[in-house]
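Should a chain be cited, it is by its letter among A, B, C and D, assigned in written order, with residues numbered from 1 in that chain.
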Amino acid sequence: MSNKPKFAMYWAASCGGCEIAVLNIHEKILDVDANFDVVFWPVAMDAKYHDVEAMEDGSILLTLFNGGMRNDENEAIARLLRRKSKILVAFGSCATEGCIPGLANLSPVEELFDIAYHTVSTNNPHNIHPQTSFEVPEGTLTLPTMNPIVKTLAQVVDVDYYMPGCPPESHQIAAVIDLVIQVLQGKAQLPPKGSYIGAGNSTVCDECKRDRNVKTITAFKRIQEVAPVDPKLCILEQGVPCNGPATRSGCNARCPTVGAQCIGCYGPAEGVIDYGARLITAFASVVDAREPAEIEAILDGIPDPTGQFYRFNLADSLLRASTKAWKKNGH
Amino acid sequence: MTQRISIDPITRLEGHGKIDIFLDDKGDVANSYFQIPELRGFERFCVGRPVEEMPLLTNRICGVCPEAHHMAAAKAADAVYHVDPPRTAKMLRELLYMAFYATDHTTHFYALGGPDFIMGPDAPVAERNILGVIHKVGLEIGGKVIQMRKYGHTVVEMIGGRKVHPCTSIPGGITKILSEDERKQIEEMGRWAIDFALFTIQAFKDIVLANKTYLDLIVGDVYTHRTYYMGLVDANNKVNFYDGKVRVVDPDGKEFCKYEAKDYLNHIEERVEPWTYLKFPYLKNVGWKGFTDGKDSGVYMATPLSRLNASDGMATPKAQAAYEEFYATLGGKPVHQRLAIHWARLVELLYAAEHWVELATDPEITSPNVHKVPTEIPTEGVGIVEAPRGTLTHHYTTDERGVLTKVNLIVGTTNNYAPIQMSTNKAARSLIKGGNVNEGLLNMVEMAFRAYDPCFGCATHSLPGQMPLEITIRNPDGEIVDVLKQFVE
Amino acid sequence: MSAEEKTPKEKIGVYVCHCGTNIAGMVDVVGVRDWAQEHLGKDGVVISRDYKFMCSSLGQELIEKDIKELGLTRVVVAACSPHLHEKTFRTAAERAGLNPYLTELVSIREQVSWVHTDKAVATEKSKSLVAGTVKRIVYNEALEKLKVPINPNTLVVGGGIAGIQAALEIANGGFHVYLVEREPSIGGHMAQFDKTFPTLDCSACILTPRMVEAGTHPNITLLTWSEVMNVSGYIGSFNVTIKKKARFVNEELCTGCGICMEKCPLKVIDDVYEAGLGFRKVIYTPFAQAVPKYPVLDKPNCTYFKNGKCKACEKFCPTNAIDFNQQDETLNVEVGNIILATGYDLFDAGKVTNYGYGRLANVFTSMEFERLCNASGPTNGEITLRDGKTKPESVGIIHCVGSRDKNFNNYCSTICCMQSLKFAHIVKERTGANVYEFYIDMRTAAKSYDEFYQRILEEGTLFVRGKVAEVTDAARNPGEEGKLIIQVEDTLAGKQRRIPVDMVVLSSGIEPRADAKQTGKLFGISCSSDGWYIERHPKLDPVTTMTEGILIAGCASGPKDIPSSVSQGAAAAARVLDKILQKEVELEPIRASVDEAKCSGCRICNNLCPFNAISFIDDLAVTRINPALCQGCGTCVAACPAGAINGTGFSNEQIFAQIDGILMAV
Amino acid sequence: MSEQFEPVIVGFTCNWCSYRAADAAGTARVKYAPNVRLIRLMCSGRLDPTFVMKALAGGADGVMISGCHPGDCHYIEQNYKALRRFLLLRRTLKGFGVEPERIKLIWASAAEGMRLAHEIDSFVEEVRKLGPLNWPTWKDDQHKAEPVMEVTA
């Protein structure tokens, strides 16, 4: 084995987009190879779970961990890699804040099954559901146990750094890799534990080129009602609920740039402890009405506030799950 | 005494796929099970969301082929609103999709499937990866492969806004208007892509077809299943990725059915097994007969090969030529050998590149007319596209505000779950006899598996080319009798 | 790792007050003390005491001693409402060298012992309230009051009696005043009156000297025919932009001889001063005693401006003071304080259609009537019907026109009763006609008002108690022909009456200025629902507003008679003088500020501040908050989607910690 | 103490009207339910929905928000912003399964101690009817590293 510092990347419950985003740094990958001894990276190379187990605790310098905590296997590996890694980075939206799969926290796991295994195209007269342990004639087959709710990495293990984004933009990944290499060469310092890396400290508007004015909103509109949006003017000012004002900068305002509203994949700005609350208060503040009835009428323009405000952040919000989800799971 | 062998794609330990093989007392294969141990429940938590969010939410089902979900969702949302997007909008979506296809097929051929052939199945495993490929066919190809992926991503980002998880398709069209400058670049990249595709097919012919052993491997019985084949076709029954009707041909290659997206429920049904989180789709009108092939089993396949089998040809000239050569070489339609999927994939790569240029040179592609505001009350709609890994179906029902009340998704790879289970099973049976586990087992099973380019949950890509496996043989008491590893340490 | 395991950042002292038995009677004070000592140590509580009366000098010394000897860095006093004793304890802590903002009060009297009945529960609640404040105070910052210098100049807006009074008081105090009036002359409504109640002395006679004094005072810059266009800045240093409308008369040269007015060939109806009853020339001063004496040329009506001919005024002016090329000019003035004495508008009696004003010739408004009986008025004080000659034999005066009426204004206009009584006297005195007063309630509260009422009663004026339903000329009964009939329910006699009269006077109420809202926005103050400016406190602070440095006097804040308007003008002036003499003001340091590194320039907050403290810096694309304008409400802090705005004194950390504290298991 | 469920309610008041109303209730010795624990803000406009989320997540069964009557805001019109945030917050909390009745907005002038007391009593009764909310404390949590927690807006 070489004496280069060890690097690992892992995916828990994720879509694989984070891995693709890393591969999309193209030739930068070679820098990783040059400076690190890649010991564990499912998407890119072979290695075995028990190889990792065999390593000394803390022997991996840097682990980029993506994916959420959907089942007990996810958590098991999270704990293992925490033990083995000096620096554990929650990489991407799933690991930092739960991402879209976190929306599952609005309903109990049972419901996920009830729906998934009884869709219109499913023929399931005997109401069969997958079992964590099932006897087939030849023996027993086991499946991992789903967590009652999706958790973020930091809710399961101690996390050193957070790298937001669904997925993190490749230019940001490249930048972070550069930083770490510079640290290794003693040319730079690591940021304080708990910092967000590969992202800005402000919000998307900071990078958005659109013109902004003093805001007052008389009606919220759906994107399909107004598209194509005015190419110059702030999308929120055109009535489309754009999450840009509350969403951490770092993506170069990609979506607003192509005429789509920001959906918030970079999560809350620095130090904000509840992303959705920032949007609730910001949007409500600029609603141009005083009478409850008028206000309600304008708010009707946002058909799904909970989803709108917690699309990516639900699992990391202060409430984290709906009463349905956790009451059913006997918390 | 029963032995149990688990083939555990160790690198996906959190479980995107795990094979358990049970041996009977004689040491022959009693049965094998391919398990998918994950469920994220999109069908549940998408309910309650506004339908225009589906192209954004369902992206997150798969970061490898988000474009496919983006398109299927957008089309389903159009249908929900009963709106027909302007021609330019549809072309932009399809252009993005072609670029994605070219990238994805390239990745698979050079990084995942290709090495089996280019390096040869018997080459040292450690060399059978993209690095090995580059080594064998020359560095400049490595450069070209990276170039191809870069170009693909550039187009996806130009039209879709982002390299991964595009965000521009909305009910009634798309939010992005293409500038002439962008169009020029896209056209140039497209022309380059055509050359790259031709070059790749030539390489395949030189290295694989010219080599008797490889050819036998392809046409060999181990990888043969006589199943139904599914694919999207245009009005002339030519292969289409973005739009058209779903056509199914029977194991003899005769058209079994041809339906519009909205009618998919008359033709497709899914089965639940208690030992896996993934469902098994099958042809409703044939019925579920278990993991078996033949005309009487509803099992069907949806892959590049299936699309070719289910069509009458390709809609672009060069690809059509490649199509004809494909069947001429493999002895006519339909082709049942799974390994031919690799070749079929290259035919599609060429089509994607050609159509890419066709779209990029259409005078209307830069028109600002990219969206039609929906005026009808939203109700229900189905959107179907061909994902690289199979026919992808999104089906939404909404209330009058366009908020989802029902969601049904049949994801590309799911179509092939039963065939893969069968292929791996067959490989196991043919290679495990009297308790002797043939050393080639891993490799053969892996090849069977990989030919489908499976994308479970929905992200089981593995670079560089390995589906690294380990077989642990335990006695009934669970003690390890033998461990077979794919990689020499 | 969680906050609990860390060694506490601060040394906190907790002091629980018995308040005699006020608190101790319902709260186990010692229990609270011990609980704090025991359970809040990890938060930094190093000492927890109880005492009979914490606010007593001994109690305060207890705290000061601990600060000195134990080196306390935070003090929590569980006692009464902070509105009562926060200052007391903060000052005490300050004496001991601790920044006052590091001391907090917990209200366990008003919020616990006085309102609850179960001692156990009350004690429990007290504990959690204390816990909340202890956890909160860890995040309190040492704050310094903001000090801003006071520019000694003052702006007074409105040249009515209240404004004149205010201006004079300050000017006499030796400081400079800019007195802005939008009409050509100061004097306001009072200048239009004939007599003033209850003393009946001639309005002009008492007002004119004041006007002249203001007009000639070395410390007063009189800016008539002028309007405030813009106000920026904050208490101590406002920058005001004033538009001086063109008079077309050179004030340097004009002697006010009045020849131009004589020679001007064109007369127009005077809707302002003469309430439409009389005429004025196109170049004019509103009235003889106008201050300043310089006339104003009414451009829209001027023949020369209309068709380029005439120039009579110019020809005859002995000092060539007429200047047809004069332009509006804007000037900027720097002032430290602003007094708004913008007065009122008269209620438009025409709105009460059933009283027939505008339809029935001999229905007059109170202001018309003032002019009618004013010696300098259109009829030289002769009280006549519209024809200008017939003397009325009977006059009906209707009270509360537009006031105390839910269709118009709910409030009582205060002055109408006395005004009507004054009218009754004048009519009797000058015409001997029969006078009827129609009133709902007779309101004669102020000094020697009711005596005046008695006098009018004795003079034989007839009073009918009841709200007039209608004034009509449709005769029904003999004797009604050619008369105005007043239909009223006499609520004393309990029957309907029809009273025929020759003349009806509508005692119209008074209303906020039509443009009061815009003016309010201009100066950053607000109007109540009925449109009057809101005082900082309706009883204890009637002449200041929520905006530091903006004061109000006279009818701007509601209907008032002359004496009250004058005293308010004086009061506002006193406040201003006090500020000027202090040379600088201290502002509460509860303020919001923007972390510009975090601010994305989304501009969500830009529209949220009614005090114009928030401004957007275009070239930096960030928002800034002017600390001197900020009033510390925290609305923008709560609104910022990026969490880029911090509010001192009530920061998120403080509130979060307090929530944790009060939800602590006790 | 009684058997019945005693809800824990966090109340937010503005400094000028509603907090003074509580003072007034005290001075007048008006008795009311002890379940509400008040936190003083300068203005109801300072009410950040995060406070409500934190209170509910921290174990409160209900949250009361109170301010000056519309039109009487000490800061001119900020209570209208509080009203709008309250309405949107309530809609959002529905999605979390939190009954709208658990969050109440109360206008009370400095003089209305009696009114405030009555409002509190009726609110406590409503929440009592709804029963405990006791949001899970998510004991399994590893907290995010300290520095992050301490950088706050």
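Going forward, a residue touches a chain if its C-beta (ideal position, glycine included) is under 8 Å from a C-beta of that chain, and two chains touch if they have at least 3 such contacts.
Source: prediction; values computed, not measured.
This structure's chain pair with the greatest number of C-beta contacts is A-B.
One inter-chain figure worth recording: chain A and chain D are separated by 31 Å, centre to centre, where each centre is the mean of the chain's CA atoms.
Chain centres here are Cα means. That of chain A falls 26 Å from that of chain B.
Rounded to whole angstrom, the centroid-to-centroid distance between chain B and chain C, based on C-alpha atoms, equals 75 Å. Listed for chain C are residues 608, 635, 638-640, 642-644, 656, each touching two or more other chains.
In chain A, 106, 270-273, 278, 281, 285, 304, 307 are the positions where the chain touches two or more neighbouring chains simultaneously. Annotation for chain B: residues touching 2 or more other chains are 48. The list of touching chain pairs reads A-B, A-C, A-D, C-D. Listing the residues of chain D that touch chain C in their complex gives 1, 8, 10, 19-20, 22-23, 25-27, 29-32, 34, 37-43, 45-48, 50-51, 54-55, 58-60, 71-72, 74-78, 81, 85, 117, 143, 146, 150, 152-153. Residues of chain D touching chain A in their complex: 48-50, 52-54, 56-57, 70, 80-81, 83-85, 87-89, 91-92, 94-98, 133, 135-136, 138, 140-149, 151-153. Those residues of chain A lying in contact with chain D across their complex are 106, 151, 154-160, 162, 192-196, 270-274, 276-278, 280-281, 283-285, 287, 289-290, 292, 295-296, 299, 302, 304-307, 309-310, 317-327, 331.
Listing the residues of chain C that touch chain D in their complex gives 1-3, 81-84, 107, 109-112, 114-118, 120-122, 125, 128-129, 132, 525-526, 528-529, 546, 590, 608, 610-611, 631-635, 637-640, 642-647, 649-653, 655-656, 658-660, 662-663.
Taken together, the chain C residues at the contact with chain A in this complex read 597-608, 616, 621, 635, 638-644, 656.
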